[in-house]
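Heads up, there are several structures right after this.
Two complexes come next, and they have one chain in common, chain A, joined by chain B in the first and chain C in the second.
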Partner chain A sequence: MNAAAVPSVATGTKAALRVEDLSLSYIVRGIPRPVLRGVTFEVKAGESYGLVGESGCGKSTTAYAAVRYLPRNGVITGGRILVDGDDITKMNDEQVRLFRMRHASMVYQDPGAALNPTTKVGPQVVEAFTILGQGKRQAEENALKALRRVQIADPERVAQRYPHQLSGGMQQRVVIAIALASDPKLLVLDEPTTGLDATVEASVLDLVRNLQAETNAAVLLIAHNLGVIRTLCDRVGVMYAGKIVEEGDAATVFENPQHPYTLGLLRSLPRRGIRKSQRPLSTIPGNLPQIGTPLPTCVYVDRCPLADELCRTVEPPVVEVGGGQWTRCHHRDRLGQLAEPPPVGGREATLGELNLTLSNVSKTFHQSGHDVPALVKVSLDLHDGETLGLVGESGSGKSTLAKTILGIESPDAGADIELDERALAAKAASRPTADKRSMQMVFQNPDSALNRGWTGRQILARSVHKLTGLRGRAVNERVDQLAADLRLTQRHLDLKPRQLSGGLKQRLAIARAFAGDPRIVVADEPTSALDVSVQAAILNLLSELQLRSKTSYLLISHDLGVVRYLADRIAVMYLGRIMEVGSSESVFNGPNHPYTEALLSAVPNVDAEDRHRILLSGEIPSPANPPTGCVFNTRCPRVIRGLCEVVEPPLVEVEPGHLMSCHIPVDELRRLQAKAEREDLVLTTPPESAAAAAAQGVDELA
Partner chain B sequence: MARFIARRLLLALVTLWLLATIVFIITNVLPNDVGRTILGPFAPQETVDALNERLGTNRPILIRYVDSLRGLVTLDFGDSFVSGKEVFPQVIGAVGRSAKLAGLALLITIPISIAAGLYAARRRDRPADRAIVLLGVTLSSIPEFVTGTILVVVVGVQLGWLPVLATAPATADVLTQIRFLLMPALAMAIVYFGYIARMTRAGTIEVLQADYTRTALMKGLTIGQTMRRHVLRNALVPTVAVIAVQVGYLFGGIIAVEKIFNYNGMGSTMLFAAQHKDLPMLTAGVIVIGIVYMVATLIADLIMAWMNPRIRLEAER
Partner chain C sequence: MVESIAPSPLPAPVATPTTSTISERARARRELIRVLVRRPSFLIGIAVIVVWVVCAILGERITPYDPFNGFFGGHKPPSTAHLFGTDRLGRDVLSRVMVGSRDVLIVAPLAAILGVTVGSFLGLVMGYYRGFVDDVLSRIVEAFLALPVILVALLTLVVLGSSSVVVVFVVGILFAPIVARTVRSAVLSERQLDYVTAAKLRGESGLFILSREIFPNVLGPTVVELTVRFGYAIFTVATLSFLGVGLQPPSPDWGLSVSQEYANMVAGVWWPTLFPALAIASTVVAVNLIADSLQSVLNE
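Let's turn to the complex of A and B:
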């Protein structure tokens, strides 16, 4: 691409980071495969710029190129990267080192891995200051200040810990403290909150926003979660196959996308409270082009519904839309032709027969002499054709509950799990085949759930045979039926899992779960490893299958959009207890248990929906030593002192079909929450409980 | 930490007991008639009976078992069937000599191999790395008796730099002893160079790719600082584990090297005992080697716990 095609850049403040027509290849078996095909953007000091796109689009490569930390086979083949005017692509190793030391910092996806496991946290932060030439005493002082600056309440104590003794949120704060030590001009954040719990994510995002205002650094944020980008970024670039296809103010791009890919991406998200009974999600047909495929014209041409001869022969120019927004599309005027899937009627859930009831299910693990209750007196039921969503942060017991239902874990004595009013054996091994057949599971990671040595057909045939006892021809017919249900072709069936894309693999895993016509399918984060466009297709398939087979789903997900789309009822868990259960509408519309309220408010939202903010302090308490009374009292912004920490509230029906475990009467909650919404309040944990919770957070983990 | 060591020692005792039992089963239970096994099929029955009487192997099996366990506790494994002298001091002497040889071999090989492994990891896929890896594979695939023989012929005979026999005169000082041991130690060191260097290289490459190494480099640390402060400690944990296993193996004596250099270490002693069906000697030897193994792994565990706080804190629980 020639320089004239580079989008014009607003003049005025000098850009802290300017990437100009950057091309980059990975050398694979001696052949350069282009990954970036002329990326141009700039970030001004104090501004935050987000790069979004699905996996493989080159956004992370761009981020690492901006700090010159490329894999060994990565080669910059063209363009420049200017940081504060200096071209870092021309620097030698020592210059790069000094550049990283003084001007650039990075925050990474997995903070646990980003800290040296064999060194205490303190010295690792101190080092970021000594490297700048500070004396030991001064560096130590500054390190404590840095830890305090990232809102670590007790820096002296945290400094004495090893990384694995801190929670994920704390680890990420430490990494941020290190990153800010040099007061960098450029701060690159690579998926900084992926893998963190929603409430922790919210607090880390808040922290980054506040610090950014303070430091005036240029922030480059990489995230696959559009909500995170919307929350944190001023401007956003949408990447596809190594090129930015659209750029503009985050609000404008997300509200009024001007490129078919951006539009497809946004429409495949379950947003604005849409539910499976209303309409299917949009999907983007096809796959990302293989790395290294030559794409001389529009990079999106193979998947674009608007593509015509022009798109195939002429590279689309940068089209200014106004307000700093531009797109690389010939047919911006025809975007209106891209229709969303039509609404569907008659899909309103009709409650089927009751099939599964859990009463009084507890599960206590025994760890080096301690009792760790993972589930405490859980009672739930599930009806035919219904989806029950399980939400809650890590450690809330969602997965343990699923495993207990499936018989992978046996519950404590006194529990009762009934399928069709018949008690189920505690252990899967002692359940008859019919019971095993009734309950199947879909896992988060299809890679580890499918036998990699087998073809799709072998995997399905074995499950069909094992679960139904069919033989010969009948097995093949059933396999073909399953494949057709999941839109898998005969060709897909002859491939081994590693030859399939993530979405196809997950479809195969779902087909496997459905092999024996199950009554109940437990889906544990079934789409969280997938890109949003693929996720949309999987969610559509799941709801279609359910409609046809009347299978019940137990859906575990941290993505509330997914839960809202698919679930008919939702159970909210905290520390192994059910805090609230109700229909999807009642849980999303409130009134809510204060924990649910906090959880809902924490989700970074792509639509910038106006919700009042709840900032929870401290960490989730250790299940080994749960707080007295209501387990949420140490973090609850609406805690009633003298009551909540003494008496555990029972789970009672507050409205028809809506159960809650809270001392505050439901009408009072309704009033308080409406008021908070109206006045856009920011609620926080009261200081005295916050201090107690923070102290506990450190101690428990030690 | 004390509890961790105590627990490990207790476990070691149980392992020793199991080992002693297995040895007892092999030497006393499986051969129906010990005297006959020693003397062979053509000896007259009276001689066999007399031998069994003398060795006490005609007593009931349970009593012999209790007796052997008592021997284990008091470290009295009885007298040699061959020389008639007490076996334990002989075994200790042999293990001591093997230890000298093994110690020297490790002293030579550990620093060189680790340095080579680290260097190779930093120059990954460049000529220096390729050369080290190739050299390591080549050297560790040549058996020590071949290396030993070549050393004897070249260094000992042709060049005449070092003595071709390993055993120094009884009165020799330490330096002379080392001079005598140098060549066999070298033969063993060469074999282990490959293992240790490759292990170090693999561990280091893994740690160099770790996220925390990236954090260190992003702080602006030089590659040298990063290696010293962040890479080494993490990278060497698997290497320490490998070395610990090899120590036990080396102390057991490398029979081929001992034979070539005519050195009376553990390997020769055990071979001689096996050839002459000297059961007490064999028993004592196996138990002593077992103890060496356990001590070596315990020390390795302690080193690893020191290197990795995760293991250490787990152990302190």
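Let's turn to the complex of A and C:
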């Protein structure tokens, strides 16, 4: 219905992918529930188009519809999907098969699951070519070429491996190689980097961008991470409840959003170095409407602060803003009325009493006769009311450290963990109730962390009773208090976890952690399973609770924006060792340990902030066989040959409160990093150590 | 599913935990039943079982003839007077098939329940404690699994004498290891979940975690296992009767009827064998249909 009005579609050029007024329903219990309500967009050859929006908004459904790969109960109820001019909604099964074989490819979120675990990588890539009708010899040759094309340095060797012997980044490269085998016109990427570390993510994104220029394929990218979209996409469509509410060039949309929803999403991100002490994050109140809800007018009306009578009665038209940007909003002119939360003063944390000290904490796992050191002589301290952020790639030992502090894992002999200057028992089970009460945990995935058989009230009541020893009415009072603190209603408490939305579940999990008024709460990726608007609400709650109760947080997160917002101090870990510790400002402003520098530069940024790039080759080495000397020497772009691979640098104070473990003097680092920043340098791991690291990486995994 | 509940500014009226919990459970159960009754296979299974249960309860009151003492002349083929014909002593086969469900419908469920109870307990302990306990129990369980059920049951019944109680015990105990394995694997995946860690962090005992946190969540597979075992138990009990160590004449038990009549098949007298055999088959298939639908519904 609005197809003609959408500028990008009105242009006459033949688009590689053109979705016209697509409506789609899922049949649930015999009733069709509309999921897409007239989605219209197009992607030109060589262009990349990003779809963003909260989970459940229909972006993945759109992507899967574009290759006509829908669940059995998914029915296209209107509109067309044209790939290179052919309407794929009209194709029969055989035509769809040929279409997918020749013209469309998909890259999935979990590369481990996208590859066949029982077949070596080589034959899987070869198959992608033989299916196109190539002979065996030719297919094998092409397969090696394809692997080389996705920057796999040693394709012959990688081809001989099984998928599980490769790291996540390598697996995703192989999947991309397979996807590109048919030289597709349309490449659909569904959260291609979500499971990967930032450093690996950056290199996969670089790869996709280069390949796209090379192949001239139309790329449709689905990602919940707005930074990834900004990094990779030319154009972006913002989806809400099955409709695109705003579209435009990625840069324009992110810099100058013209729809209240886009504005809300962008403002709920912790951006531009904003901190909890400055102001709370914006949130979008309410939830996405349930699927199947009739939304005859503006889809966003129930959550929009600008909504008025007009919005409730008349469907907003497509309003062109210029520069290819358009929005579906009646009140674009009133967007300025949407204010950000006011800054709060006097929240700058003053360092409280020391409560937790770790010294010499090591943890060695024993795996089939091998010693695998997961933590090596970690020393840290934590003060009342302080948030210590732990960052590092996966496999750096962050979670092991958290588990060791909590007593889920016991440290090696010689470790000393003290709470208020009293040594803590190694195992949680042997700690007295007071100690258990002092330290609680918020887990990454509330679905796993909450017993699905219990109601919210049962979950909270049990924790209150167990940790505080209260009984009867007192328990109920405390539960009500906790619920009120976390903005949970009585009705929420009477439901089971699966009946709650992700944000509510996580609030319940946080309430449980706070049941006994803990001194320290360990939060392991507390918001990574949540949408950004929900994340903002959770971060606000966490900082509010901290301000009130003076609880210390140990925050583990791969999202540096989250860490920057919440953390007062930051510890950077690599291979079970602390590489750098310092106040949030000193870690983010530098000078940094070269590893920290690489981590900071790898994060895909919504604001397209200009940072110099550090491209780390390879991935974190196996802890079973760490490099000699400084463990980072195999990937370090600033490595000093002859020193770094021989002597392990000690963790020393380079500035007041800022510790680093690096051979390069801090002033030299400051100078080098300022220079790199000024000259916009791209630094990479020196080739000889990269080759060594790559070889080692492949061998170790075998 | 109530996926999104907008936080309402007005607190809802305070519900006492007990009433809400009950209504929640009732609601979940209603939902489960609602989904189940939409499956034809489940309905067919239930219908067949209901027919046999009604026959077992009403028995002689609804049979056309006296199943024990009505003699109408041996081996008459099926006719309008005797739909299923008569057996070698001239008793009406239809009447005997109808009351023949009685014993098996008591013995088989009891055996299945015993097997699942013992098996679940073992499985919970093995899955949760792992390590030494798991190693020892697993080896014992594996040893049991290696024993052929029928042979062991046969020997035990010969030694202890055949009675329904012994049949229940023998079949139940032989089923326990199989159930234990299923429950163990369910517990293994459950104990990986963070709620178990959370329970440990607040100092819950192993017994509490096992019985109150994990057990309710492995109830689904356990219930499925119960129905599956019930099917196998019917089969095993019928086999034991057939082999002559289960129920004794003049019981109209299906397995026993088959064993007493199958020799006459070569003479062309198929009806006193076929109809009880069909009865056994229909019951086993019906139970399996129920088990399959339960499994798929619970896994959804």
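Heads up, the rule we're going with is that the second predicted complex is superposed on the first by the 691 of 702 C-alpha atoms of A that agree within 3 Å, B and C clash if a C-alpha of one lies under 4 Å from a C-alpha of the other, contacts with A are read in each partner's own complex, and residues count from 1 in each chain.
As a working rule, a residue touches a chain if its C-beta (ideal position, glycine included) is under 8 Å from a C-beta of that chain, and two chains touch if they have at least 3 such contacts.
Nothing here was measured: the structure is a model prediction, and the numbers come from that model.
In the superposition on chain A, A:L98 makes contact with chain B only, not with chain C. Of the two partner chains, chain C is the only one that A:N287 touches; chain B does not reach it. In the superposed model, A:A461 lies in contact with chain C only, and not with chain B. Of the two partner chains placed around the shared chain by superposition, chain B is the only one that A:A128 touches, whereas chain C remains out of contact. Greater residue coverage of chain A by touch, when chain B is weighed against chain C, goes to C. Applying the stated contact rule after C-alpha superposition, one finds that A:N216 touches neither chain B nor chain C. Looking at the shared chain after the overlay, A:S430 reaches neither chain B nor chain C.
When the two structures are aligned on the shared chain, A:N73 is found in touch with neither chain B nor chain C. Residue overlap on chain A between the chain B contacts of one complex and the chain C contacts of the other is empty. Within the complex formed with chain C, the residues of chain A that make contact are 56, 285-290, 406-408, 428-429, 431, 433, 436, 439-441, 443, 445, 448-453, 455, 457-458, 461-463, 466-467, 476, 487-492, 494-496, 498-501, 504, 512, 515-516.
Within the complex, the chain A residues that touch chain B are 67, 69, 72, 97-98, 100-102, 104-106, 108, 110, 113-120, 124, 127-128, 131-132, 162, 164-165, 175, 178-179, 181-182, 368. For chain B in complex with chain A, the residues that touch the partner chain are 124-125, 210-212, 214-222, 229-230, 233-234, 307-310, 313, 317.
Chain C meets chain A in the complex at residues 1-8, 11-15, 17, 20-21, 24, 193-195, 197-198, 200-204, 213, 216-217.
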